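The next block holds one structure in the form of structure tokens; read it before the comments.
Order of writing sets the labels: A, B, C and D. Residues in every chain begin at 1.
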């Protein structure tokens, strides 16, 4: 029989989170973020956490909610515009921030999940990002050594999932979720639709269930749009 | 409009292959191998090539056909059992062979396609594979530095593909094909079914067309089974 | 002098048939609107789509389908979605052939700064550092001067760098300039703009050809 | 003394509920047949499947669905297919919790050799080097002696290594042995096998407990 990862709900999903832990949170902007888990982390009031997430939400949604309650000690991100409270906390020194190139962030999460402790990339050579990092030339081009990232918990959001933790994402909400799912010591997946074992085509799964420890069907997804841009009907 | 990669057939697919080139060939055993391209390479009689492929086929099928005609100067593989002619050529010194761990082979191809020139892995530490390679400890565990692999041509086989080169593989015939598709300077995809643009669900594509330069519908797939194992009907 | 759409229109001329192109936020995004009919080009957005189409018709927006600027978009026939690691494999592996992005400063040796003003503005680099470190062909789209009227084409960048020696061409509201051998080389001037205006607005070393053609748009 | 199926049956006892398990070619493959009902276990095959099922009913074999031994297989409900890079991400990243594989030689400090006999047999290591370098929990399944009657449990391996200091437990036709502190520790003997037989068949340092229980199968 397949190994079941199904849990009852978000409270069980966030069981054992502790102050000072490192979390990964999937999503790009507000697209594909684990809304239910973020709400629960706010409710639990867990503090001094390090959050690895490409963005930091907006002032009143997504990770912005954790920021507002000063639950985050350190952010590891690539882009943190669109959030005034974030900028205030960072410039005042309340919040420690590690900004890293988006591709390096994605690859470092994948490496963490894949047992690759470090790799070389050209991104960031000659910039602040390279400070303190080994530089080595390959094919005449300088590269810097980047290390793997892992987390105590990875919170990811998928479109569909089955009870053994297999996940399918929709459109561009996939983004960082698959790599972060790989890199969590405990990976929690919240899905819009939890389906029975055997309902997903094994050929179409984006995240194999082996990477997921807990899965539940989330509720009341708001799926807020950051920049609603439209074309005129011709 | 999407960029078309469609070509007429296998002769156009293998245009510009030259003696002494490095080829990648997808497949694991005889599963998911580019049968049409292999036949064409045999027909063209291209010589002194280096082949990067997990296996070397069997005596009279797959890469075994190229071996039999002594077209291969060097093989980079992880497992080469099941092929007596291979063993003979290797032991006699006619064929140069670089055996590397399967996971390192897969990751080195991916790295080649992803612009990662090198990475650390624990696989092979303390063995012949580590000879001449940098060793470094991470988290108290020794790792070796492995470099990226690329090829002049990558030949891959998919189940379905569209004219812009998007590919979907079936079951375990996926294996090395996606990484090799990424790592070819020219990637040739042969597919069982070439479908019109827009026929594939963009959420279900395994290899994005950006990695593929030429695509055609292959013919007369034999899809030979190496070990036909069956259960008794209960 | 060009407006933002004019800059985008000029950059659209840089795009070649069969290219995969990544357009940054701001002026670069507008380039997509000016690609000539009949040119086969696919746009990559680094958050995870290839084959990005125009904005959706009102009422059909999908929160799960956005571009790197977090704008709602559509997917064209032949489009494909993928994760961020695969997206940057495309970029770092040089499968994306042309990158167009904005800048706060560009130096005469091709350095670019566009992600941080120390103590003042820290948005982060997003995918820009990966893009500029990887792409063979990088075109910067920006205004020639900042709001204070100071040149953004400098001998060396004063702001923290995004990448070193990577910018090949700059298209501004005033001119097209190539970067080589540690200098800006004036290639074209915008309609109605004089060489003198360009010289005055350029702080980095500037090489002038004998004749400076006006852009044809 | 156990036959190959007996070795597999004993190793099946090592498998715990909720584990992802990789079974190598040969005796390890047989382990799947002996997992107790009610245990939730998923088998990974490194060529690209998780949730591997039994061999197909005759006539339903699919050339596109094989295991790492190139045998036709089936996929159970909840199975998933993936590429080789993802497969070894699972292995290297220690998501696969138990690895069972065969060996030509095992040494008293946990080294293993199973891929090459110089000048004679060179099949390659396949995924074995990644597996032994990565897994937390490695069990070797093999006969205690080779066809010439020589011990395969040695002070040091004579053949080229597959991995160093990685084997935790060995299950043979004669015994179960743990490896720690540079020695084999006898844990159980096979039905009908005496301690003396095991001592005689083991060349590496062997530590005997006061009582050596017989396996319960």
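The rule is short, and it goes like this: contacts are C-beta pairs under 8 Å (C-beta built on N, C-alpha and C of every residue); 3 or more make two chains touch, one makes a residue touch a chain.
Model, not experiment: these values are computed from the prediction.
Fewest steps needed to get from chain C to chain D, stepping only to touching chains, is 2. For the interfaces B-C and A-C, the C-beta contact count is higher for A-C. Separation between the centroids of chain A and chain D, computed from CA atoms only, is 36 Å. Chain A and chain C have centres, each the mean of its CA atoms, that are 28 Å apart. Annotation: 32 Å between the Cα-based centres of chain A and chain B. Multi-chain contact residues of chain D (touching two or more other chains): 49, 75, 81-82, 85, 88, 91-92, 134.
Counting partners per residue, chain B has 107, 110, 114-116, 121-122, 169-171, 202-203 as the residues that reach two or more other chains.
If you sketch which chains touch which, the pattern fits none of the simple shapes: not an open path, not a single ring, not a star, and not all-to-all.
This structure has the following touching chain pairs: A-B, A-C, A-D, B-C, B-D. Those residues of chain D that touch chain B in the complex are listed here as 45-49, 54-58, 61-73, 75, 81-85, 87-88, 91-92, 111, 115-116, 119, 122-130, 133-134, 160-165.
The residues of chain A lying in touch with chain C in their complex are 28-32, 54, 77-82, 87, 90-91, 97, 99-107, 109-110, 121-129, 159, 169-179, 206, 223-233. Taken in their complex, chain A has these residues touching chain D: 1-4, 110, 112-116, 162-164, 166, 182, 197-198, 202-203, 205, 208-211. Against chain B, in their complex, chain A makes its touches with residues 107, 111, 114-122, 136, 138-139, 143, 147, 168-171, 202-204.
Interface residues of chain C facing chain B in the complex, by the touch rule stated above, are 18-20, 38-42, 44, 49-51, 75-82, 85-86, 88-96, 134.
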